[in-house]
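Following: one structure in C-alpha cells, then a few remarks.
Labels for the chains are A, B, C and D, by order of writing; each one numbers its residues from 1.
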Amino acid sequence: MKPTKELLAGILDEVRPLIGQGKVADYIPALAGISATKLGIAVCYNDGEIIQAGDTQERFSIQSISKVMSLTLAMSLYEPEEIWRRVGKEPSGHAFNSMIQLELENGIPRNPFINAGALVVSDLLHSRLAAPQYRMLELVRKLSCNPHLTYDKAVAASEMQHSDRNASIAYLMRSFGNFENEVMPVLTNYFSYCSLNMSCIDLARTFSYLANKGLPLGAKKTIISQTQSKQMNALLATCGLYDGAGEFAYRVGMPGKSGVGGGIVAIVPGEMSITVWSPELDPSGNSLAGTAALELLAERIGRSIF
Amino acid sequence: MKPTKELLAGILDEVRPLIGQGKVADYIPALAGISATKLGIAVCYNDGEIIQAGDTQERFSIQSISKVMSLTLAMSLYEPEEIWRRVGKEPSGHAFNSMIQLELENGIPRNPFINAGALVVSDLLHSRLAAPQYRMLELVRKLSCNPHLTYDKAVAASEMQHSDRNASIAYLMRSFGNFENEVMPVLTNYFSYCSLNMSCIDLARTFSYLANKGLPLGAKKTIISQTQSKQMNALLATCGLYDGAGEFAYRVGMPGKSGVGGGIVAIVPGEMSITVWSPELDPSGNSLAGTAALELLAERIGRSIF
Amino acid sequence: MKPTKELLAGILDEVRPLIGQGKVADYIPALAGISATKLGIAVCYNDGEIIQAGDTQERFSIQSISKVMSLTLAMSLYEPEEIWRRVGKEPSGHAFNSMIQLELENGIPRNPFINAGALVVSDLLHSRLAAPQYRMLELVRKLSCNPHLTYDKAVAASEMQHSDRNASIAYLMRSFGNFENEVMPVLTNYFSYCSLNMSCIDLARTFSYLANKGLPLGAKKTIISQTQSKQMNALLATCGLYDGAGEFAYRVGMPGKSGVGGGIVAIVPGEMSITVWSPELDPSGNSLAGTAALELLAERIGRSIF
Amino acid sequence: MKPTKELLAGILDEVRPLIGQGKVADYIPALAGISATKLGIAVCYNDGEIIQAGDTQERFSIQSISKVMSLTLAMSLYEPEEIWRRVGKEPSGHAFNSMIQLELENGIPRNPFINAGALVVSDLLHSRLAAPQYRMLELVRKLSCNPHLTYDKAVAASEMQHSDRNASIAYLMRSFGNFENEVMPVLTNYFSYCSLNMSCIDLARTFSYLANKGLPLGAKKTIISQTQSKQMNALLATCGLYDGAGEFAYRVGMPGKSGVGGGIVAIVPGEMSITVWSPELDPSGNSLAGTAALELLAERIGRSIF
C-alpha cells in the first residue's frame, strides 16, 4: 500500500514522544546547536512522486550519509577489484571509529561505511580526480535535482578542528600502505562531503537511483549498473548503520544509511527511497525517533526486503 | 523467471571446476571423510514444488544450519525479550568461535548464529523443555516432511570429544551469569542438533516457512509469526554466514545460513527456499562452490532482496 | 639498617588510616567475611630471626601467593624447557583472568602468575605427581617449619562453586593442546592450593629460600638452585602483582607476590623475606595498606633492588 | 668480582657465533646499512673507570635508548604527578607500536618506553622548553662527558619519512586530550633524539647516574634524586625491553633499555653501568647477541638485582 501524507504525519505523531530519550551529537558546536524537535519524513517514488510530512524542506548536515555518495562516485571511476582490495565488505562489530580491528587487519578497513573505509574511498577519489570536492557537489546536485546545494564551510572547518581521531586512522592506514595521498588534504575533502546540508526531500530524491536499478531521478542513463546498485544495497543492509545494522534489519528490514546529523535514508528496491530526520541519536549513533518512524512505516505499508 | 532442472544442472556444471579450491572441514574425522565432489542444489517453491539437480537426496551433516532451527524453536517458546536480553542481533566481526568480544561484552554473544549465541539458545531450550533433543527432532521431521531423519550419534560423539573450545565459551558465559544449566548436558544437546543428517531436499522443504511468512510446508498454522519470520530473515542476512555475511549479501543477495558440512540454505521471501551442498569451504567457513552456485542462480532467475 | 619491632609497629600505625579506602575481595563468602582491620607485618632474616608487628600469627587465605609454591614445586620436577614452552615469562598487560590475550596467543599464558599460567602449572603437577595436593602441603609445611598447616576445605569448595571463569580458561588452553588432564580435577587441586591458610610468620619463613639462593630455612639443601631462585625473583618482579607490577616496582622496589586474601610477600635477595597482611585491595587486586607498608619499610631500612 | 678486559673479550668471543641468527632493523635505510658483525661491550664503574672490549668507540644510532634520557629530562622539569597522570608505569604486554591498548585505555600509554609513552614525554618537553632539541643534546653531552655528540640529520629525516605509525599514535592520543602540541614538530624532535649517534663508551658513561643514585659522572650534583633514580631503574626493569622485559629480567637480572640500533644499556645499582652493541635483533626487537653477552657477564661477575 502506498503511504499518504496523513499516514506519514500520523507516524511522526506516534514517534514524537520519543524525542528526549536520545542525544544530539555534540562533538562539534555546529551539530550541537540543532533543535532536537526537528522531525520529518519524505518518500520518493521511483516515478518522482514525493510524499512527505514534517520538517522535510529544512536542510541538515548529512554527515555519514555522504559515504554512500562518495562510494558511488568511486564505483563509477574504478574497477571493482581496485576498490575491494583496499576496503572490505563485512560488518565491523566495532564502533565506527575504532582502530583495534584496523590494526589487527593490517590497515584494511572492514567496510566503506565506517570512518576508516570512507577515508580510503576519499583517498581513491583524491588519486583519480583533479577536483574531487567539485565533482562530488556536481554529482549530488544532479542526483537531488537541486542545483543550490553547497558545502557548509563552517561545519567542515569545525570538523577539521576535531579531526585528530580521523587523522590517526588515516595515518595508521598509511603506515600499512593503504593510503596514497597526503592525509590532511584528503581529510579536508572528506569533511566537506560530510558537511553537505540537504533536506529530507533532497535526500530522498538523491537516493532514488538505489531503488531504481542505478537510474537517478529524471536521468536517461544509470549512474552505476543494476548489479552495482544491488551490491550497494547489500552493503547498506549489512554495514549501513554502524554497530546497529542487525537491529535495523530486524526492526525496519530495509537497506539504509544513517548520519550523526540525525538523518537516515532507506531503500525499498524497485519502489521508493525514504528519508527521515530527527536529530537525537541512540547509543549506536543512529537517529532514535527516525528508526522508530521507519519501523512503523515498514509495518504500515507492508514493505520489507525480508 | 522460474528455474528449470536444466538451468540448475547447468549451474552445477559451471561451478564444478571450483572443487579443489576449498577445504573440507577436518576438525572431526566424521566430516573429514566426506567426498569433496558431492554437489547438489534444490529449490522448494512455496507451493511445495521441488526443482533439483545433482546430489540432492544424499544426507549430509547440517552442522550450524541447525542453529536456525533451534532459534525457531526458542522463538516459539519464549517471549522475544527473554531471548534478546541474553543474545544480541548484531554481526560479530570476529571468527565464529572467538571469545574476545564475548569477554569484552560481558558474556552476551553478538548474535544467535555464532557458537556462543547458539549455545545460549540451547541453554534456553534446556531450561524450558523436558526433552529438548526429542522436541528438536520432532520439529525438523515435521518441517522437512521426513519422519526418517535422525541424529548421527557417531558425529555427535566425535564433536563432543573435540568440544573444549565450546566448553570454554559456555563456561565464560556462565561466569557472567548468562548460562543457566550445567555445561556438559547442554553441549551434548547442541552437538546432537548439529549432527542431524539431511539432504538438500530435506533442507529446502524445512526452511520453506521462512519463505512463506512462518507457514511450514503442508501446514495450516504458522510455526512462528509473519513478523518473526521477517526478523529471522533479517538475522540471517546480517549474521548467517559467519564472518562472510557481507560478501554473501553482496554476491548472492538473499538471507542464508551455512554449515561446515558444506550446506547453505537461502531464502527468497514470498517465493522459495533453496539449498546447495558442496563440502569444500572458503576461508570464512562457507561452502565455496555452493556460494558460487547461489550467486549464479540469483543472477539467472533475477532474484535478490536488493 | 635492620628493622626493629618498634619500627614495624610504627609503619602499621602510619598505614592504618588507609583502611577503608580499599575493598575486601567478595567473590566468595569465605573471603568476604574477613575483618578489614586486620593488619600485620613480619620480616624473616636469612638466619631465621623473625621481627614482626600486628596480626602476624593469625592465618589467612593465601590465594594467589600459592602460585609461587606450585611453580617452585614444578621447577623441582621438570626441566626448564618443559615448563617454559607451555607458559611465558612476560607481564600480561591485562587483568589476571582475562582470556583475550590467551586466545590471541594460542593458549600459551603470558606468565605463571596469572590464572591461566597457574592452571598450566597445576596441570604440570597433575601429570607428574600421584598426589599433588599431598606433595604441595608437604612442601609448604616444610618451608614454613609449620607442620599444622592445612587446606581450608570450605574455602576450596566455595571457590569450586565459583570456578566457571577458571574452567573457561582451562578449556580454552585445552582446545589449543596446552592442557593435558581433565579440567575439573586440576581445578580442584588448584583451588586447594589457593585455600591454604597461613600467617604472616608462616609466609615469611616459607619464602626465605628466595632470599637465600634457594635454601629453605633450616635446610641443608636448596629446594631450587641459586639460578632458579634468581629467576623466580625476576618473574616476581615483572609479573608478581597482577597488572600492578610496574607500580609496585616503582614504589616498593622488591620482587613480590600478592593474593586476594590481602597478603603480599616481598623479597630482599640475600637478606630477608617479608610478609604483610591487610585484607582491603586496590583496583589491581593488591593489598592497599600492605603495599603502602612495604613502601615505607623499603624507605626506612634503605632496601631496594634498584 | 670485577670484570677484566680479558673477561669481556672472552664473552664477546662466546657470543659472536650468534651473529647471523638475528635480524638487523631495516625499516629505514640508515639502520639497514649497518654491518651485522659489529660487537662491543663497555662497563663504566661509578668512579669513572672504563673497562671495555670490541667495537666500543664506534658510534651507532641509539634509537629508543634516548627514551630514558628524555624521561630523565622531563623528570627534572615536572612534578611527578604531572608526568604520571599522562603516562602509566605498567608493562604493556603488546608490541612497542601497538595502538590497541592505547585505544582501550583512553589514550594513556602504558609506560614511557613504548612509542606512545615516549611521544607523551616528548610532548611534555615541547610544552615546557623553548628549544627541547638543544636541551637534550646539552644534557647528553654533559652526561657522556663527550661534547662532540650530535644528532644524525639523515637518520632523523629518514625516520620522519617513515613516521606514519607514530603520527597515528600521536593523533590518537591527541583525540583523547593527551597530547598538547602540534603533532609534526613533536615528532621531529622525537626522531632527533632517536637519531643520536653514541658509542658503547659514551652510553656507559651517560647512564652512570642510574648506577650512582642520580649523580652523573664527574658531577657534584644529582640530575635526578636518589628516589627518582631507583624509580627509573624500576621502570627499566619492568618496561625497558619492549615485550621482552620478563625474559631479560629472567636471563640478565638488571634494569636495562634497548634500542633497535642494537644497543642495550644495563645498570648494576650502586656499582656500574654497562653497554653492549650488536646490531642483529631478536623477535622482540632487542639485540640478540647483546642480551647473551649481558647474561654471561651477569653470571661471570655474579651480579644481579635478584
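What we mean here is this: contacts are C-beta pairs under 8 Å (C-beta built on N, C-alpha and C of every residue); 3 or more make two chains touch, one makes a residue touch a chain.
What you see is a predicted model, and the numbers here were worked out from it, not measured in a lab.
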- For copies chain B and chain C, work out whether under half or over half of the interface numbers are shared, and give different or same accordingly. same
- Report the inter-chain centroid distance for chain B and chain D in whole angstrom, where each centroid is the mean of the CA atoms. 55
- Item | Distance from the mean Cα position of chain C to that of chain B, given in whole angstrom | 48
- Find the geometric centre of each of chain A and chain B from their Cα atoms only, then give the gap between the two centres in Å, rounded to an integer. 32
- Task: Could you check chain A for residues that touch two or more other chains and list them?
- Result: none
- So which chains end up touching which? A-B, A-D, B-C, C-D
- Which bits of chain B are touching chain A when the two form their complex? 88-94, 101, 110-111, 229-231, 233-235, 237-239, 243-247, 249-250, 253, 255, 269, 304-306
- Query: What part of chain A is in contact with chain D in the complex they form?
  - Reply: 98-100, 103-104, 164-165, 167-172, 174-175, 183
